[in-house]
Structures are given as C-alpha cells and as structure tokens.
Amino acid sequence: MKNVVVRNIPRAAPEHIAELVRAGTATVHEAIGRNGLMQPYLRPIHTGAAATGSAVTVLAQPGDNWMLHVAVEVCRPGDILVVACTAPSTDGMFGDLLATSLVAHGVTGLVIDASCRDVATLRQMGFPVWSKAISARGTVKATLGAVNVPVVCAGALVNPGDVIVADEDGVVVVPCADAASAVEATHARLQREEANRKRLASGELGLDLYNMRDALEAAGLTYVEHA
Amino acid sequence: MKNVVVRNIPRAAPEHIAELVRAGTATVHEAIGRNGLMQPYLRPIHTGAAATGSAVTVLAQPGDNWMLHVAVEVCRPGDILVVACTAPSTDGMFGDLLATSLVAHGVTGLVIDASCRDVATLRQMGFPVWSKAISARGTVKATLGAVNVPVVCAGALVNPGDVIVADEDGVVVVPCADAASAVEATHARLQREEANRKRLASGELGLDLYNMRDALEAAGLTYVEHA
Amino acid sequence: MKNVVVRNIPRAAPEHIAELVRAGTATVHEAIGRNGLMQPYLRPIHTGAAATGSAVTVLAQPGDNWMLHVAVEVCRPGDILVVACTAPSTDGMFGDLLATSLVAHGVTGLVIDASCRDVATLRQMGFPVWSKAISARGTVKATLGAVNVPVVCAGALVNPGDVIVADEDGVVVVPCADAASAVEATHARLQREEANRKRLASGELGLDLYNMRDALEAAGLTYVEHA
Amino acid sequence: MKNVVVRNIPRAAPEHIAELVRAGTATVHEAIGRNGLMQPYLRPIHTGAAATGSAVTVLAQPGDNWMLHVAVEVCRPGDILVVACTAPSTDGMFGDLLATSLVAHGVTGLVIDASCRDVATLRQMGFPVWSKAISARGTVKATLGAVNVPVVCAGALVNPGDVIVADEDGVVVVPCADAASAVEATHARLQREEANRKRLASGELGLDLYNMRDALEAAGLTYVEHA
Amino acid sequence: MKNVVVRNIPRAAPEHIAELVRAGTATVHEAIGRNGLMQPYLRPIHTGAAATGSAVTVLAQPGDNWMLHVAVEVCRPGDILVVACTAPSTDGMFGDLLATSLVAHGVTGLVIDASCRDVATLRQMGFPVWSKAISARGTVKATLGAVNVPVVCAGALVNPGDVIVADEDGVVVVPCADAASAVEATHARLQREEANRKRLASGELGLDLYNMRDALEAAGLTYVEHA
Amino acid sequence: MKNVVVRNIPRAAPEHIAELVRAGTATVHEAIGRNGLMQPYLRPIHTGAAATGSAVTVLAQPGDNWMLHVAVEVCRPGDILVVACTAPSTDGMFGDLLATSLVAHGVTGLVIDASCRDVATLRQMGFPVWSKAISARGTVKATLGAVNVPVVCAGALVNPGDVIVADEDGVVVVPCADAASAVEATHARLQREEANRKRLASGELGLDLYNMRDALEAAGLTYVEHA
C-alpha cells in the first residue's frame, strides 16, 4: 500500500444522498441489483440509527488509529468515514473524542471494520456508528496507512466518494456515478412495494399477488395432506 | 428432500400454547427435561419480544425465500412460522412485506435460521422475529424446498404442529403431544421457584435452601483461608 | 484444580472502587497501561449497564452452576461475581433466582464467561450481567470447581479481590494493589481528555492538537490530489 | 430427556452399508435428494479416513463422557458411534482407551459433535474419528444422558440404526429404511457421472454436456467483450 | 449485478506468473507492499499445494454453481478460477467433475470462497484447491451470476486477469499491470532474505542484523533481572 | 503493560521437561488436575509435531513482531517461545527467518496466539509451531511489548519458565515449580492406563473395569428395548 492521503474526492449530489437513506438499505440494495452490501457482522451501536454520506475511506493497521486523525482534515460536511483494516481487528479504534472532532467538521457517521468505544457517550451525542464489535481496547499511533484509496470494508469494495447508506438493516455502498439512477430505481421500487403492502394487508396471498402458482407447479411442487 | 407442502397439521390446544409462553422459555425448557432448545445464536430482533404458536415449518434453499410465500397459505391464526435452510445462510430472507402478509393471516411471529431485514418497520408493526442475524441482503425465488416437513432449526428438531415458545432467553420446541403435560410441569416448577425466590430474597443461602452442604463435602470440597 | 473455597480475600478501598466505575472502562484500561481488558465477546445484557466491585471468582465446569451457589456465601456487599469455566460454554448458568440471592447479599453484578437467562426479569431487577450469550439452557449441579482462586475469564487474569470495572464498553480488571494509583492515573487522563474535547469541538484538528504532522511526514505520508 | 439406554435397534443390510461408503458421501448425499448431511465443521482427524456403519447414538452432557462407556455395551460389530451433546462442547471426550474398547467390539468409527484426543495413537490404530476439534481437555463422569435415542448431531437428525457414511467430504445420514433405495440411486448416479467424466476429460464443455445454453440465455445471461 | 460473461481479459506475461509462485505468497505479499492477501480462512485442501495463474473470476449465488460451468468456456491454459459468492456459503460448489473439465482446458487451480468436495479424488488428480471449508453439500443450477467481473473474494479485490499466487501460506492477488515490477521486487527481497538467513543461522541476532537496539531503547524498552 | 525484558527466568530440570513430552499433553493435563490447557484453536502446523521446553514469553501488539526479535536474545537451548498478543490477531507474525534464528539458539518450538507463515519451509526445517492460523500477512516493527512477563496465551496463564508441553492434542502449561510432581503423577497415570488398555483390548467393558454400573443405576439410568 502506498501511504498517501488523497485530498479531493468526487461526491454525489446531496439531494440524491438524502433520498437514498430515506429509502433504507434493503430497498437501495435491491434497487441497485443486489450489490454493494457489507457483511452483516457490522451492526449499529444504537437502536434506530441511520446515516448517509460520501465515503471518506481509511485503510488502517489493526490496533492503530493514527490515520483516523489524518482523515478528519479531508472530511467535508456531509461525509461519512469508512475505516477498513489491513487485517482483522476488534480493537476500539474510535471513541468520543474522535467523534467530537468529526461532528465539528460535519461528518454524519462512522462505518468501521473494527470496534468502537465510549458507546454511552456516543449515544448521548447522537453520533451513529456501525462496527464489528464494541471494545474499550485502546490503540497506538505508530504505523501509516492511507486515506481516500479504494478499500474492502466488511466484504464490500468502497471507492472514495461512493455513497454510503446505513441503517438498522446494514450498510450498502452505491457507486458515486450511480447515485442518480439508484434514486430513480429506489422510487420505482418503493411505489411497487407500497401497492403490494396494501394488497397483502388485506389478506391477498403473495402466491397470487406475484403469480407464483404456475412456476411452482412447473418446478414440481406438490401438495399433500398430513398423514 | 421431497418438494411437498403438507396442508393440515396437528395443533395443540390454544390454552396450553398460551400458558407456555407465560411461563417463559427457561422454565418450559426445564419443565420438559431440558429438551428442545434452539442454539442461542438465534436472537429476538426487539427488546421484550415474546411469542408462541403452532409451528408451520419451512425448509428453504439458502438465499431463496420462495417457500416462505408458499407457507403463508397453509398458516392458520395462532401459528408461528419456523424457517430452516438446507445450508447455513445469513441472507435477509424475510422483511416487512412478508410480515404484513403473515399478520393478515394471524401468524404470531417468525423463527428463522437465517437473517431478516426491515427491522425498524417490524418493530413498529410489533411483529416478533428470532433470527441468526440482521441483513439487508435480498433473496431469489428460484429453487423449491418444502413446507410442514420435520426440520432441524438452529440445532433443534421441529415437527409441524409442535408448540414454539420464544422470548428474550431463546426458542424452545415442545412436541405437540406433550403440550398438556408440559403446562402441568411448568406450573409445578413455577410454584417451587416462587417459594424459593422469597427465601433467597430474605438472605437464605442456596446452600441451605437446596441442602447442598453434605453433597459438596462428600464430593471433596474444602474451605481454606486466604494466604 | 484443587476443589477449594477461599473464604477471605483482599479488597480495595471502596472509594477507589467507586471512582473507577465513574471513569469508565475505556479510561481505566488506558490509565493502567492498556492492561486487564476482557475479550469484547462479553456484552452487557442491558443498555446502560455499569457496575464495579471486588472480584469473587468462580471456576466452574461447563454446564454446571453448583459452584455459583457455593460462592454466594463468601460474597460481601460491594463484591462482584466473576465466573470462568474450565472449557467454553454457552449454557445459561445464571438466572433470576441466583440474582435474587446475590442482591440479598449486596453483590453488585455478574461477569460470566458463559450465558445467563431470565434476562427480562434481570432487567426489571436492575441487576447487571456481562455474558458471552443469552441462553435458556439449564445446568446441572454435579461437579466441583473452585471459589476465589485465580482464573482466566474471557482472556484476562483475575485474582480474587481485583477490582472489576464493567460498562457498555466492556470489562476491565484492576489488580487490587493498583487501585489507588489507577484512580490517580484516571483523574489525570480525564482532565486531559476534557481539555482536548473542548478544542476538538471547536474544530481544531487532532493533527494539530496532538502535534502529529512532523511524525507523519517523517514516516513518509504524502498528500496527493484525486486523479 | 429421559435417561434411557435402548438395547436393540434396527440395522440395515450389511451389503447396503458397504456399498454406500464405496460411493462416497458426496454421491450418497445427492442420491438421497440432498438430505442428511452434517455440518462441515465435523472433520476427519486423519487424511484418507472413510467409515460406515449402523448408528449407535449417544446424547451426552458437554464435558462428560460417562454415556460413551455405557454405549459400548450395546454396540455390535459393524456399528459406528454417533455422539451428540446437550450443548456445544470442544472437550476431548474420546481418546485411545475408548477407541481400544470400541475396536474390541467391532465398532468401525466415531462421529462426535465435540472433540477427541490421543490423535497420534488413533492414527496408529487406524481408528477413524470425525470431530469438531481436537483437544486434550479431559472430561468428568457425573451426569446421565441417553443411548440410542434420536439425536441432532452437527445439524442432522440421527435415529438409532440409521446408516452413517463418512469420508473426507463429511458425514451423511441415510435413514435405515432407505438404505436399499439409496444404494440403487447411488449406482445410477455413479454411472451417469462416469460417462460425464469421460466427456469432460475430452474437453467437452459442461455447457453442452448438460444442455445449459438455452436456459442461460432465457434467464438473461449476456456475453460481452472486455472493455 | 449485471448477469454478464466477459470473454477476453488481460493476462500478465507467463514468465512473470511463473516467477511469482516460485517466490511464494509471503514474499510476494511483502514485495508488493503488503497488499492483496485473501483472508487466512481460505486453506489449501492438500499439503504442499501451490498454484498460480491469471484470474478468471466468478460471482455466484450461494449454493448455486451454474456460473462455474459457464466460466470454463472462457478459461485459457494457465488461468486459475476464482469464485466469490454474493453471500457467505459453505456449500460444496466444486467437485471432481468440474475439476476434470478445468484440467482438460489447462486451468491450474481453484480459489473459492465457499467449499469443495471429492477432495480425495482431487488429491489423486493433483488439482489444487483453496477453499473455506470442505463439504459434500451439493448445489443447484438456478440463478445467474457473472463471469470476469471484479469480485471481492475472501476480503481481497480481484479483477479479471490479475495474477493469483497461492500456496500453503495463503492466496495473494497481484494486479495484472504490476506483475513485472512485482517480480523485480520479489527478486530483491529474496536476495536480501537469503543473506540474512545465513547470518541468522550462524547465531547472529536479529537485533544486530537489523540494527534494532537504538530504536528499541529510544522507544523505552528496559531490561531487568527476574525478581 | 511495562515495556520490559526480563533476562533471567527460572527453569525446571531438563529431565522433567523431557519426561513430560513423552507422556503427551492429554496425560499431563489429567495428571496435574485438568489444568493449564490452552484453547484447542491452537493447532500444530505439521502432522506428528511434538515439543517441550521452558517458556520464554512474549507479549506483542497484534500485527507487530518486534518483540519476537528481542526475545531471541534471552532464549537458552531447551527453551520454547510463547507469544501472546494484546488483542486477537491472525497476522503471520513468524516465518522461516525467525525460525532459523531460534534454531541457531537451541529453541525447541513456538506457540503463538496468532499466525505463522513459510509453513512449507518450517516443515522442511522440522521446526514445530502451534498457531491460531496460517497467514502470509506480514507485520510491522513499530510498537513495544514485553518479554518474560506473565501472559494469557489462548486462554491459559503462562509464567516465564513454566514447562510447555505441546503435541497433536494441544498445548499444556505446567508451572515450573510443579514439574517434578507432574512427572510423578504422569508415571502413575500411564501405568494405570496401560493396564486398562490391555483389559479393554480383550473386550472387557469400561462399565465393569471402572465399576460404573452401581453409580449409573443410582443416578437413575434405565434400560429399555427398542419399540
């Protein structure tokens, strides 16, 4: 890895970013072709958490949060910090002081493929974090990494400036260039779902609503009575 | 596996089913001889969740929720859906649309050896789910499974119609034919526990309450002072 | 292992114990040189949990809670129970009856490298527990262990009488003899952090506050523009 | 659980049992409809291991191998021992002395949802074991379980007398009553595979051999050149 | 994901590919700046396995190996197949028939973020596989994926045509365009290591060979006698 | 943690150390009261591995092997290196160069709660290693740790100079002061086992050899015929 900090990154239009988090990760993930989802071991530390933003990416040595301090300087309001490690770690690489600094610079949240700490204070601050675990374990500041390079975080490729959408269902990555079309696809999907929800609530079966009966029969499904 | 849907299943008496969830999984599990408990990796997605019902079982291909749609049709009010996979999966095979459909048919909850999504909406709906994880990952509808066949779910054997009792301590399976005797055993156990709780709250030691001192001494336990 | 119960253990001064939990595990862990932290798989069963006390240690056979009953007798008000197993276990070795007994004797909480159950009742009681999992699985009372011997719990060495500090960030062990100096180091750290928090909240960068720029440049960090 | 030992169990015809292990677990598992496979965390302790037999089942308390000693008495030559635990365990519940006893009674191998030990000696003896882990950790003999009751072992239901087929690919359970038809289905499958192997070895593509091209195109697969 | 097959991919020079596997994954990974290593849960199924080649990538639905059959057609001699799944899977998605087909087309090995089966036959064939697990569990052919698109496999980004180097230490990905410089850096590193090996074998300490003493002292390391 | 290197450590008598590895870990672990066993996730990298020695302990930052180089200087012939990390790591913190250095100083093996690499070369060298995983991932040399302080390694407490016994069944720690009595207890146990092995090989049941029938009946075990 080259130990670089990339200063200027592309960012999607703010109105697209805002639309995507309203739709929610499950809908966005479906709308963009079931792509870009991080592994489900990343969990929000607070009930009801939701955040979105342009990804400022960090690649850090496990147990070393030096590059997080470096990254703050290149964050802009509306960004979200995405931290990957060069090897798996459950160290508490992020706490309330770094959160205070990020809030001061308008950062909307943190996604970290490691742990965070000070979660009670973070909850009071209303700062959302998605992490692999929670751990009081402190970190050193000894080894360089990189900021705003492409990273693999929790199994998903993240390029700097990609739109991150995160809520209680997980974290999804929308490529920066696809934000506009993702919003459109999301709208279409939400409308379809709303119509379907009403019919399902009235008792109509998904078997009929989605016209599944013929395909099921063709595939060989049979119905029998209990012995 | 035969790709069948079994239409009619035995069900325990509703009053027995209701009694068991009042007792709670820990008590029921003890009362039926420490049997039938699913692995603790199944967790409720909401604090305070509790549900019970007659098991409608689903065996699904990982990442494919076709058979869940099929299962809705054979559910009756008071049933609970139990979903096992043919191989381990953390895909989000269940969300708010399927929950809307289940609620419309009187189903009381879901136990799934995979993930669910739309958890914020499910919380608003008050629909309880026990799952292995939470994931926005969507699923296909391509491969048949079976409905109302015996399944192994999270390490426990579930026959269609077995009584499922689920709360914050886990999920326990009571064979349909044993529901009445389980209620009886549960009552006896709850009375004993209530009496013991009072004596323990007054400061009486479990060592004395349960007459453990002789057995401990016979087994060789010795008491020493700190060096 | 010798099957012994050690009756009298050293204990730190109550005012030191109380100070440490106010500081929180992350601060205490840092203040004592990044030592003594249990693995992060131990989690509190309730949001907002915090506890402290002198460790009464238990070494138990997996799936057997006999020695927990033995341990209650040697607990004093202000103690916290720390349970290690001779082999990994996720059994529910602790529930509301044992909690009732511990509360009656002034015990402040439980740290267990296994599972607990009756978590809804424990929440109503306000009794804090840190455990590896939650499980309704019951236990036997058949095999001896030991009480108040040194144990390894969730990866950390605990000697009887060590100060346990536990909150939402994890569980940290402070050697009994180091409690006074730990309090002092914690105070110094908290003051430093409070000053830093204000400067970070005002927008000052950690890069400047902690004088990192020279070291980063010396280590070879370079800044580039996005291609 | 009832603490019983069931003395006489049904057994499949020896020639069927022998045929199935020759076919191998992957073929048998396919031939019986992709059923009955234990989770892949069960691994043989020796390269090249393969075994088959009628299942004598044991349900044991974790860390307690008392019931394994009980089970030896009801084993017959050609049986294989299948050990499930009431809760997850990695204790070394089986070693060379028990293996010596099993060999003396004609038992062909061991499948255990826990650990074994003395693996160097077991290799010299040529006694095959499939286990979750290898551990020197010893066990107690304090709590009853059951012998020859239905058990869930590594995620699969095993009834006493079911045919167990185990090799380097895993462990599969064939219901006793299905042994004859399983042999037949296995033969048909092996013949088909042998024919296919020759055509594939000659360079013919699976796409053509299995006539996949039309279905792929219908499903929407498109071919493009690299940008 | 778009369901595409990309027919022509870039490939590095064969002599570079051959050089890299001779150096071994540990050396290559260091030589390219500690990049590109897959997670260590991928293990070779045979002792002594080593392979290299140009990556033909597959993105498959878990439990569905349809796209592996598709991929064979676009493989060229000297390629290595790299299979990622859209969600975690331990199914046995690859066996001896597919291996026979790959061998017929000159493919050098398989890296799969799932399981393989028929490992005894694969060993006889001398076909190397790196997988997450070994499992007899069979798969369906029902859902499209993609061939020769960028994939994240076991935590590492793989572009079609990247050089894969795999041995008993793991699997490393060298970007196609970096193959020549990687060979050069590898040579330099191997020469340095060879010189160091001789000096270390003669008893010289790494502390002296690498001039560590001053830096250790400056960092604060102190030497004491045992109490 | 204090960043110290302790130069002189106690060591057990060489003849006791040699005796213990001949007995094997399973026997030693039993002979010393089922104590001191590391978790079974530590595995030897080579079939047939066995080693023993006096523990030189290392506490290292994850992903940083600086302290291993420091430790070599204080090793004496017959020592074994035991490496714990301050947080979980799967990095390849040890390879053939460090092994060459250890061999030059008479060190008998390595136990590391992290990964090693160059395993093919280590096998050729005949240098035994017990590790959590195998990984080509390289490490930095940036942060101090400690040498010859008490450490918790894979769940077991190790004091410098303790006797480490390691083989295919795992790794056991015998306190230095207990080496002589451990040898004695091991001899007694081996003799008993040898006598029992002969009787079991002749077909005598463990039920009779160990006089279990009365205790089993008293505990309530019943025998029934298959329905």
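A few notes on this one:
First chain written, first letter: the chains are A, B, C, D, E and F, and each begins at residue 1.
Quick note on the criterion: contacts are C-beta pairs under 8 Å (C-beta built on N, C-alpha and C of every residue); 3 or more make two chains touch, one makes a residue touch a chain.
Here the structure is a predicted model, which means the values were calculated and not measured.
Looking at chain E and chain F, the chains that touch each of them are A, D.
Note on connectivity: the fewest chain-to-chain touch steps from chain B to chain F number 2.
The interface formed by C-D recurs in B-E: of the pairs listed in B-E, E-F or A-E, only this one shares over half of its residue-numbered contact pairs with it. Taking each chain's centre as the average of its CA atoms, chain A and chain F sit 42 Å apart. For the pair chain C and chain F, the distance between mean C-alpha positions equals 28 Å.
Multi-chain contact residues of chain B, defined as those touching 2 or more other chains: 2, 34, 86, 88, 90, 137, 143. By the definition given earlier, chain contacts exist for A-B, A-C, A-E, A-F, B-C, B-D, B-E, C-D, C-F, D-E, D-F, E-F. Note for the complex: chain A touches chain E at residues 1-2, 33-35, 39, 86, 88, 150, 152, 155-157. On chain E, the positions that touch chain F within their shared complex are 24-26, 29-30, 34, 37, 40-41, 43, 48, 167-170, 172, 193, 196-197, 200-203, 205-207, 210, 212, 216, 219-226.
Across the complex, chain B meets chain A through its residues 2-10, 66, 69-70, 72-73, 90, 92, 95-98, 100-101, 103-105, 115, 117-120, 133-138, 141, 143-144, 148, 160.
Against chain A, in their complex, chain F makes its touches with residues 61-63, 86-91, 137, 140, 142-143.
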